[in-house]
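Should a chain be cited, it is by its letter among A, B and C, assigned in written order, with residues numbered from 1 in that chain.
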């Protein structure tokens, strides 16, 4: 299948600070591609370059085989953008906002009216179409923000953290709607911090950090590396004499991370060694306060790849 | 007190990204102050007339410090009279008198006739000018008040962006918080005060003593802050509050005669204009300049009371909205 | 063209829906003209001359203040983000700033025309034997003011900074230009200083039109304002960068 978009060796620096380094990936038609990364990873910069709002310092971006620079207007026509910030005219009604933004993509007359109706239905805002946006709740504004981007039925929709600060019901509604977009053959590029969203909707995932693509694949392929792993998190009262090596003597233990009173042990699945781990701790005089275990998840993958350290 | 200093320090830090605009504002105010000092030097009755001989043998009137005569072959267009490029067109009459064509009032015409007879006639008693101190404060007034409105962005942004609610719910003094903003705004008048100090040191007559200027500038600044604070309290959007505030300041400053003494000639309107605090402020400064401030404490008190009334209204509303929720 | 029209229509709607702007352009203009005319009427033999003077100068003051309308149209806080959402559309960047200029021009010009149409007959203000020239000459100046406001927004990226600066600059230029009181009678020095203000030249042109029916300054001012407008639009093109708003 031919790629819808092909990004090769994208580079970008701001005041000598390299934000994107040789970023390369492809976007398949009809997929929901989720871009994950900590703050400062370069996600928004990537989005801004893909939307042609920001110029890259190097690299190529092909849309349906042609560079986007050569067919900018046609490319933008095929694009729908959901900005991270709500960008709506608050003094105008939902219908007016939709009419305006859809008209920028060439829709007129009956087609415009139909597109507005469909977008309002998509956003679940038919009954509030004549109400001013400033009277909407946060969730409704987010839904309308998305509706304005898809009213003209773009081929590619780029969403920059579209569910920030909204209630679970609205988020759920939005995620379901995004899946409907895929059913309508729209391709979606989606950035988010919420793992559960990625788990729910993604076809493929890109994980970025420090301007570099550090992993890509489906949920299953990314988790496969650690699928045969299990993680135990043990909280002790006071970590005394126990060391990493003490745990490696136990069969199945792959890694041990001691941080203050918390001990994180990664072990092979299928090897029942929790009793031996507990026995070791007890024999060393450790008082166990809490034990949790978890299987491989995207969050685990993400944290493993990008680390647990807080970002600036 | 900790709140006070913390807020004050924060205000100065927030000022830094806006230093260019503030610099321009300050520069304009400084220029108007210099302009006001210069204007006082040149300010005296001066009629500028166009004399058209029309072939008459009558000699043209003589120019003098009070009368500027330009001899022309033909009368300039009416627009020149309208725009006061010339105050009057004078032509020789049949019997040795002068014919005067002017748009100005009877008083001016009488003065002009006097000057045509005796160009060096002393008119200072008839047309007393404004003192340099009144001119300086008058010219500065509009800019100081507009500047106060601009500087109160520290409060306006806090209100719009939610920091005000944070401050109100914190265990800090709301009064000190507002006082810090007020002091911040007044402190930005320091360059203007330093200019006055400089002029004084250079030997220029600036009309008032430095202490008097400090006091007058402080209360003028406080008036601007109070007005702006009340508008920002009442009006949701800071941009609208600024626009309305600037309009009020421009209109009322002009009406009060900050640039040019105005008199409606209508007792009712004159009384209405007298109600403007800026008018009372200028009345007091004129009296102070003339050495009889003691007899004119009323206008000063009116100005101060008005200022504090605006401030009290703003503080009361803010307190009710943000602090006293139970 | 259709996209430009959509954006222009939206901008014009936003302007007419802003009560502060409508009020400022009508109420403030009327108030200041009436008050100045009335207060200064005592200095004139005929009060009508006072109103004549201040109608012309205050209408022009209002025209220059149209720069603030433009900056509000472009970057007022509530509409800045949706305005800039247009960056992502196929419309391009030219319509973003040019439609603001055009919409502000149409908004201000129409309000000022209505104002003149009502005010002048009521107070017997003369716009010359051929008022069409007076009204025509207002247009390029109105456009240049709108372009100036938009241009400043492109430089400062902020409506607040633009409005504050412009308000100051315009007030000073108008004071120097004799809009509030004539500086011509205050000595050679001040008269010369007054000549440095472009407002003075513009005032001269309009007074020549309405008082002398003289068109000799009409073309220079028309062409000058048009040239300034073109330069400012070019300036917007140079200084407006979508990247600054991301």
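Observations
Just so we're on the same page, a contact is a pair of C-beta atoms (placed from the backbone, for glycine too) under 8 Å apart; a residue touches a chain by one contact, two chains touch by 3 or more.
What you are looking at is a predicted structure, and each value in this text was computed from that prediction instead of being measured.
Taken together, the touching pairs link the chains end to end in a line with two free ends. The leading chain pair by number of C-beta pairs in contact is B-C.
Taking each chain's centre as the mean of its C-alpha atoms, chain A lies 48 Å from chain C.
One finds 58 Å separating the Cα centroids of chain A and chain B.
Chain geometry summary: the mean Cα position of chain B and that of chain C are 24 Å apart. Residues of chain C found to touch two or more other chains are 78. Shared contact sites, meaning residues of chain A that touch two or more other chains, are absent.
Chain C makes touch with chain B in their complex at residues 20, 24, 28, 31-32, 35-36, 38-46, 49, 52-53, 68, 72, 76-78, 159-161, 163-165, 167-168, 171-172, 175, 178, 180-182, 184-187, 189-190, 203-204, 207-208, 210-212, 214.
Residues of chain B that touch chain C in their complex: 18, 21, 24-25, 28, 32, 38-39, 42-43, 46-48, 77-79, 82-85, 87, 102-106, 108-109, 142-143, 146, 150, 153, 160, 237-240, 242-244, 246-247, 250-251, 254-255, 259-260, 262-266, 269, 273. Chain contact summary for the complex, chain A toward chain C: residues 48, 51-55, 72-74, 76-77, 79, 81, 83, 85-92, 97, 100-101, 103-106, 108, 148.
Across the complex, chain C meets chain A through its residues 2-3, 6-7, 10, 13-14, 17, 78-79, 81-82, 84-92, 242-243, 246.
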